[in-house]
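Chain lettering (A, B and C) follows the sequence in which the chains are written, and residue indices restart at 1 in each chain.
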């Protein structure tokens, strides 16, 4: 799956220009995180990736085909979109119906839908809630129901808008497992997130946005090495990375293991010198 | 501050008028039309309303509503009452399949102008009144805050449901549903949604009720104040007095003419 | 020191629920302190917040036992509106905070003041003041329903805070904000706290909890699993059983310890962690 964004500009009907000349390529199966302040244009950009929003100018190519050539409903076969607020997404009266809606629209056979339902309900942790009304789910379960209903469509790429919002540790761990599973299946995950711990743990690639423009796009190591640009975009690195920067480690460090390794090497060098 | 709150409404004498004065105006015009023996007074009021709409920069939408409602209803009522009213004695038009009678036609005209006077004055009031001002005005004259809340909250339900329907439509599209085709396919995708949309607006309003109290709503022993200042000006007093006087004069005139004391100029058999 | 909040043996079961959401909860919050409540989703944190502001038992139907006192007043024996003079709640979903009757952000902010009968001139002044503080002054004439999630969260926070309650309950009140936005809000909360306002905060950001809290209460399955200072709670080896994460600084300290480094104390916040690591280099 390859999504190319070329000179994308988007102005809302009220004249507000949310995106100005965005150029990006999403490719392969390495999960990508979109980061930046509220109002930086992340959601506006994400909503272009399956045609929910249309460019004011510029274009988006999905596997070489211009998104403008077909309706959102057609692109739903290729790119799944999970809304930030599950209440915006869920409208049926049981979890099972929510799960079945997407693949049913795409003409997937009943057997296949049933097969997927079992598998995905387990993945999102709703296997016992399939007959519940989405209204009766807890906020966390609702979020996973929304995720499950899009996973059911088995698209090559998925866009998550703020998946960690309001999640606890268990929820975050489950999300991480889902993202890693999708990556193993060769699918492209794109997520908008404010949670830098979650971003650096699960997303090898990062796109930093500010005021409708892309400031940085690259590996998490490249992006988090550019402290001055991150600061300009008001993005603070996650705790461990910050400590590493404070004590003067040259490269960004994201995990406890990597951190202790650097300290140990520094210790050895110290001994050799001493 | 109180001015900017109504920024969406263009400034005009009607927009500046106190909401309560406007309500008195609606009542006076409407009731006078009913009291008057025939449709002529109502017709005059409609003309006045058109002029008022022009001063409030609402002429076009106002004309659209009035004609859009007025023409079909007039035709319908003229046809029903004019052709089939049992009171018909004088035939004014002979169609092949039916005869149009004078009495029924006049009666139909009276109903149409009454409806249009109410519709027009109500429409102008809503178009020129910022709802927050209306509620502030109501609480000034002692209407309980809960009633004011009910009015505002119910006025807000429709735009809220519209917003919700828009996001659900986005969600449906992004899950493979095509609804931008013909009207039938849109309706088919839509009708099953109405239930959940209504349900969610209901639960929303339930949650809303609870949050209001955590912000002191309904606290006892305190007279509420409002952020918006609604001034009662001399012109409002003048308008209210004129409107009331108009109604009283019309009422008196109609009663007297009904009793045959005073013949009111022309009387086109409206008293059907 | 007088207590701002005292909860004794409080239990609550929602009507039609198969089990109690809160089970024999007891704790007290000192006046002027910063009290954090953490725990997995579904542990009963929001239900407890509702009990503190009187939504339980006055609004939610169910069976409650035990006592909740706010500045010495029994919540069950007063009204939500009366309690609102003392205790303010910022809801998890900011859209729930809106009155849905205000046509503009300014009126939304003023709604609570109007209920208290505050004179209009004072109201205008306070609205402007709070709008500046919350960075929403350009939005004052906008319809609250046209705002983004982050903007609504600011307005919601402002509308609770404008009433100057002596106790402020924050139920994950920055979930929709970006890091800078939530930091701005927490700076305001911290200032309020320094000026004497008691703060009760529910949050999933453990680094933030460790940074701000005087006391941390861990809830698990409707019960109090632990209560103590951030250090006592986060360095307790039982944290995984409670379904909570610990600040990354604690994890870093543990990682260093198991790699053979000798630490006097596990760091729980950033400056402490930096100091600890510098000591090793």
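One rule holds in what follows: a contact is a pair of C-beta atoms (placed from the backbone, for glycine too) under 8 Å apart; a residue touches a chain by one contact, two chains touch by 3 or more.
The structure displayed is predicted, hence computed values, not measured ones.
Chemist: Using the stated contact rule, I'd like to know whether A-B or B-C comes out ahead in C-beta pair count.
Modeler: Per the contact counts, B-C leads.
Chemist: From the centre of chain A, which other chain's Cα mean sits the farthest off?
Modeler: It is B.
Chemist: With chain centres defined as C-alpha means, what is the inter-centre distance between chain A and chain C in Å?
Modeler: Each chain reduced to its C-alpha mean, chain A and chain C end up 28 Å apart.
Chemist: Measuring centre to centre with CA averages, how many angstrom lie between chain A and chain B?
Modeler: Between these chains, centre-to-centre, one finds 49 Å.
Chemist: Could you give the separation in Å between the centres of chain B and chain C, each centre being the mean of its C-alpha atoms?
Modeler: Roughly 46 Å separates the two chain centres.
Chemist: Two or more other chains in contact with one residue: find those residues in chain A.
Modeler: none
Chemist: Over in the complex, which chain B residues touch chain A? Could you list them?
Modeler: Those in contact with chain A are residues 167-168, 170-180, 193, 196-197, 199-200, 203.
Chemist: State the interface residues of chain A toward chain C in the complex, per the touch definition above.
Modeler: Residue positions touching the partner: 36-39, 84-85, 138-140, 165-172, 194, 196-197, 234-236, 238-240, 242-243, 246-247, 256-257, 259-260, 263-264, 266-267, 270.
Chemist: Which of the residues in chain A come into contact with chain B in the complex?
Modeler: Those residues of chain A that touch chain B are 50, 52, 71-74, 76-77, 80-81, 83, 87-89, 91-93, 101-102, 105-106, 135, 149-150, 153.
Chemist: Which residues of chain B touch chain C once you look at their complex with the stated criterion?
Modeler: Per the stated touch rule, the residues are 1, 4-5, 7, 130-132, 135, 145, 148-149, 152-153, 156, 159-160, 163, 205, 207-208, 210-220, 222-229.
Chemist: If we count contacts the way the header does, which residues on chain C are in touch with chain A in the complex?
Modeler: Result: residues 39-42, 92, 148-150, 172, 175-181, 204, 207, 243-245, 247-249, 251-252, 254-256, 259, 261, 270, 273-274, 277-278, 280-281 of chain C touch chain A.
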